[in-house]
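Presented below are the structures under discussion, each in the form of structure tokens.
Presented sequentially are two complexes of subunit A, the first with subunit B as partner and the second with subunit C.
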Partner chain A sequence: MTVIQERQVVSRRRWGDGLRRALRGEGAYLAMLLPLLLFVAAIAIYPLLFSFRISLFKYRLTDPNQLQTFVGLDNYLRAFQDPIVLTSLRVTLIYVAGTVLLEMVLGLALALLLASEGRMIRGTRALLLLPMALPPLVVGLVWKSLYNADFGVIPYYLKALGVDVGRGPLAELGWAMPAVILIDVWQWTPLLMIIFLAGLKSLPVEPYEAAFADGATRWQRFIHITLPLLKPTLLVALLLRTMQSFKVFDVIYATTGGGPGSATTVLNFHIYTVGMTFFDMGYAAALANVLLVIIAILSVLYIMILERQQL
Partner chain B sequence: MMQKRSKFEQFLLTVITILVVLFFMLPVFWLVTTSFKFGREAFAIPPKWLLFEFTWRNYTEVLATTKIGLYLTNSLIISAGATILSLVLGVPAGYAIARSGSRLLNMSAYFFLLLLMVPPVAMLIPFYLIMRDLHLLGSYASLIILDTVFDAAFVVWMMRSYFADVPKEIEEAALVDGASRFAAFWRVALPLSIPGVVAAALYVIIFSWNDFLFALMLTSPATKTIPLGILASFSAVEISWGRMAVMCLFAIVPALVISLFLNRYFIQGVTMGATKG
Partner chain C sequence: MSRNLWKFLNMLLVGILLLGVAGCTAPVAPAAPAPAGGAPAAAAPTGLEACQGQNLVLASMTDQYVAAFRALVPKFEEASGATVTLDELGYVDLYQKLIADFVGHTGNYDLMTVDIVWSGEFGQNGYTLPLDDFMARDEAELQLDDILPVAWTLGEWQGAHAAYPLAGYANVLNYRKDLLAQAGIEPPATQEELLAAAQALTDPAAGVYGIALLGAKGPAVAQDYMAWVQQHGGRILDDAGKPALNTPENVEILKFFGELFKYAPDGATDYWWDQRETAFRNGNVAMMEGWSIARAGYENPEISTVVGKVDIAVAPVKAGMEPKYGFGGWGIGINADSTPQEQECAWQFIKWLTSPEIQKEWLRNDGAPIRRSTMTDPEIVAEYPWMPVLLESFEKGDGDYRPRIPQYSIIQDALGTHVNAFLVGEETAEEALAAAQKQVEDNWQ
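For the complex of A and B:
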């Protein structure tokens, strides 16, 4: 064998060793992560960039020539002057604040109510899991029939209590928003209950023993021990549900369709209407990006809190 | 340690618990009973909760007049595809993030969390246009791919915290014996983490089965999933609530099975996916 050949063999072996060593170390982890990263880059990152590009154009699918005219930031400027957008932002805030606050309070109450470990209690907790596993569309349809003005159960009992809801809760201006909020509360309160139960279970017992020795009442223990200790869990749950609440679509689609008027037109639903009913793609993409920025800010907050909790 | 509750308090708490269960169960109970009612009884005022004329007619009619079989098959294909794909891509990725010493790799977990928070509506326009340009509108593939993006992000996020709780020592012993990192994952860590994988899988099945928005945008009449099928089977004018209830019941079978029989895994999925940093 010539020297050169020998060197080639050695270098090839070295290269093979290097690869093997890399796969033994951090390289192996990178290799396990890479397929997913590439997949996500192709399916999610590219569309996001695409969405940003489209938002700078006037592009209507209904246009026979499929013209895409560059309009710069016009779509964004238009968004902040569009009264429907401003209304839908307000509607979204009411919906998110209403659902999240109610669910936080009720979820905590449920967690405290069902914290003990009996067989009955455990069975009850399991039953309460059902709503959040249901398809939101089906939930919407079921509640729509419960709310129906002519034969719905809820208007019937309300009437028996002396409350007349006219054309039904979903069709009356003042009732529609509380009605859809109640659906969300029904479906998602158990999620918070579970998160809070896990939080309660991880609390230390010592402060309670000390408080008990000092003769603190149950209410005092709740206010001065449970709530402060549970604060990290409460924060995480609050942000998580807030972001989820922004996603609402199916239930609105199935029940009110955004109405009556625009009483339940959350931003999400408005974006859908602009994009998939009016086919005004550029404008819809711009609105979607506004929504994304709101969610991104909330997500970063959420991540910062999770990070701090780890320390 | 707890003060003993008085008899009255105990009674009050029991009453409240019963009311809570009623509130959360009555809509489902209503759905089930409506599916066994004749039309006029479903509309009866005052409502008939328990005493009504029992019939299977809604079921036979749904089977005879709607394409429920097609819708269920489509839902099954899409959920199964998205679940398998997201586990194959997500479980090793979650493991890599949990075990890697590189800060960059560790931090990439947050990238998947961010993805998880993206409202699907925000991606509607680009997804629709891209799928149209790829001529994938109305295909199973388009829905499986989109569901997988969000499903896999959840799997990574959840499996990462699950693997972090699995002790490293056994894997390290295997590595010392000359096993590769892949072998340590495949032969040691993964078998120890099957409950976590099951929890993640159940969650992902529910996600994809329940998806409505992507299906609304991307399915054709031949690939409609069950939520779309329900809407397609009834016109706005003439709705038979009995038959609709039957279709809704078919749509909630996975939810029923998982929450009633696999709830331990489900709870794990919820808490790990949501709150573990």
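For the complex of A and C:
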């Protein structure tokens, strides 16, 4: 009896040693990484592969027989001949350029303005963060009623000032795009302000002291010290907002529905129409992949620039 | 990182890729459709007792009639012993959630309100249970003849019933008695008179416009334009059932539609149904064509500033045209994926709700009528004096002016984009309809 018990104890100890050894060496990496890898595979990689596969098929979700016909790259070729895709790409670029540029400039200005400490300033910063906390759909609906030509507050005051608002900001061809850009700027400038504030706070003091000793003006300090030092932060912010802006959907959905005409039909909204109105899943997947590639290229570009900056 | 680790990671990635491909190669086999709900076992109860202990989920559009559901569902629960959960959804959400439920065969919703224009799609694809077996079984209790012929377009598809009539809407002309009398204008009987009246009644300085219209990109403008096509005798589909959007007649009608917008509030090209209602209830417009179900609300001082000033007339048609009136509304369908017991109970709910006695309650709680007996009931007519106008509209109703075909959403999307583009001056009438026609043909299945 005792011999058997001893053996059991010994074998258990050996097994425990093995595990410990495995966890000590390279095995530790694997053991720790495995759950994450499985998670990423299930959440990110599998859907990506599925969407790529579907994009090679003609697949209509509402087809009663659920037929999937292999069509090769037809969906992609169709995308590049689709006039709506080309228009929506142009619209998306305008939207991205408008929102990102304005938000960068305003975000930086606000960050500089609110960089010092003080109770008032801290309170103001907290207030400015509020728009970011709201769901974009709610923001869209609120602005839609603010913009309404007949009952909205904004046209009401514009009219009182003698401005002709026509059909209202969201319904005039030339105004719809600036109007939705303004909503995005209102909501997301605070995010950039936060990022820039963090960047400003982490800048070294010595260059400023040296500049002060040399008698540099505020403007010179900003141009020659703050901006160059802040470059990595600026690039991170630019990258982040560009990618987010490319994927815009909710605000457009809630305000203009892509109208008037196709003035605000961004690519993501068109993909939504193809996918959720026509249920043309193959084509929608192909379009989504095109968007994905555009964003991926942009990301790689930005990361490359970023790395060069830091070297 | 060591080499072994790299090797492992690479192998893992390859494994995932293979897994993905393997998972993809087997095409999704069409799930066997649930057995049609007819022919229940002989012993199974066929009355309200079939509902004892059942749990149903009802997906309802948040139209006015949802208030009637809120009022009547508890009464049904009391009478039947079933539990009915009411899920209230907006138009677009309802459609997308239903489609997801149908194609995924998840059977979440047992009962659903079905827009008249979804009849073809739901029927063709077998999403909702054909109700014909139930109807044949219980014919003696249903008083089918009492339901107006046009109401059957709410759910009928190729001779079968994908949904049962629930709420019939007539496209009617609402007008402000006081404003028309002031201007000495008779309620317009033809489209030409409507345009003239809209012009005469428009006075931007006083903040009053001739007519409120739906102009917002999407379903709103598409459906309003189709209503005008109907009132001018135009057509969306040709004799062969193929889309014919850019006929010369339709171009003329679109120009007329655009002409009307000159006498609409400035923001009308951005109006969805609720904003059009707001404009009328706020007293910003003198006339508005719209669904009859909204009529009762104009007499409710909580939501209307025009109480007692409104009357309705049949929707004017083009001079010389045989009068036909736009008909729409909602049917109620049963999910083909629900269990036979749930389907039986769901049918009991439909039967109960559409019975003549309950229909009066339905109407009084903001529902909309489907039965002649309800619309001619002396009590109801006394409470709702506009019922005869509605009945006339129903008698000559046209439930097909928006094609109830499976491809409807494609037509609606194309018109929704390009009619709006015409109204805001991005395209001419000819360009807009040609582009819409092309878009429909490109996506036609």
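Here is the rule we go by: the second predicted complex is superposed on the first by the 273 of 311 C-alpha atoms of A that agree within 3 Å, B and C clash if a C-alpha of one lies under 4 Å from a C-alpha of the other, contacts with A are read in each partner's own complex, and residues count from 1 in each chain.
Rule of thumb we're sticking to: a residue touches a chain if its C-beta (ideal position, glycine included) is under 8 Å from a C-beta of that chain, and two chains touch if they have at least 3 such contacts.
Quick caveat: nothing in here was measured; it's all calculated off a predicted structure.
S.K.: Who does A:257 touch here: subunit B (first), subunit C (second), both, or neither?
M.R.: Touch partner of A:257: subunit C, not subunit B.
S.K.: Going by the contact rule set out at the top, does A:29 touch subunit B (first), subunit C (second), both, or neither?
M.R.: Touch status of A:29: both partners.
S.K.: Looking at subunit A, does subunit B or subunit C touch a larger number of its residues?
M.R.: B
S.K.: For A:68, select first, second, both or neither according to whether it touches subunit B, subunit C, the two together, or no partner.
M.R.: A:68: touches subunit C, not subunit B.
S.K.: Return first, second, both or neither, reflecting whether A:151 touches subunit B, subunit C, both chains, or no partner chain.
M.R.: both
S.K.: Would you check which partner chain A:220 touches, where first means subunit B only, second means subunit C only, and both and neither mean what they say?
M.R.: neither
S.K.: So, does A:127 touch the first partner subunit B, the second partner subunit C, both, or neither?
M.R.: In the superposition, A:127 contacts subunit B only.
S.K.: Scan A:165 for contacts with subunit B and subunit C and give back first, second, both or neither.
M.R.: Touch status of A:165: second partner only.
S.K.: Would you please give the residues of subunit A that touch subunit B in one complex and also touch subunit C in the other complex?
M.R.: Looking at subunit A, the two contact sets intersect at 26, 29-30, 37, 46, 50, 150-151, 276.
S.K.: Residues of subunit C touching subunit A in their complex?
M.R.: 1-2, 4-5, 8-9, 12, 16-17, 19-21, 23-24, 27-30, 96, 99, 103, 121, 124-126, 215-218, 265-270, 275, 278-279, 282, 284, 406, 409-410, 413, 417-418, 420-421, 423-427, 439, 443, 445
S.K.: Quick one: which bits of subunit A touch subunit B in the complex? Just the residue numbers, please.
M.R.: Going by the criterion above, the answer is residues 23-26, 28-33, 35-37, 39-40, 43-44, 46-48, 50-51, 54, 110, 113-114, 124, 126-131, 133-139, 141-143, 145-146, 150-151, 153, 156, 186, 190-191, 194-195, 198-199, 205, 208-209, 212, 218, 233, 236-237, 240, 243, 246-247, 249-250, 253, 268-269, 271-272, 275-276, 281, 284-285, 288-289, 291-292, 295-296, 298-299, 302-303, 306-307, 309-310.
S.K.: Subunit A touches which residues of subunit B in the complex?
M.R.: Its residues touching subunit A are 1, 3, 13, 16-17, 20-21, 23-25, 27-28, 30-31, 34, 42-47, 89-90, 92-93, 95-97, 99-102, 105, 108, 110, 112-115, 117-130, 145-146, 148-149, 152-153, 156, 175, 180-182, 185, 206, 209-210, 212-213, 216-217, 226-227, 230-231, 241, 244, 248, 251-252, 254-256, 258-260, 263, 266-267, 270-271, 274-275, 277.
S.K.: Quick one: which bits of subunit A touch subunit C in the complex? Just the residue numbers, please.
M.R.: 26, 29-30, 37, 41, 45-46, 49-50, 53, 60-62, 64-66, 68, 84, 148-152, 155, 165-168, 170-173, 256-263, 265, 273, 276-280
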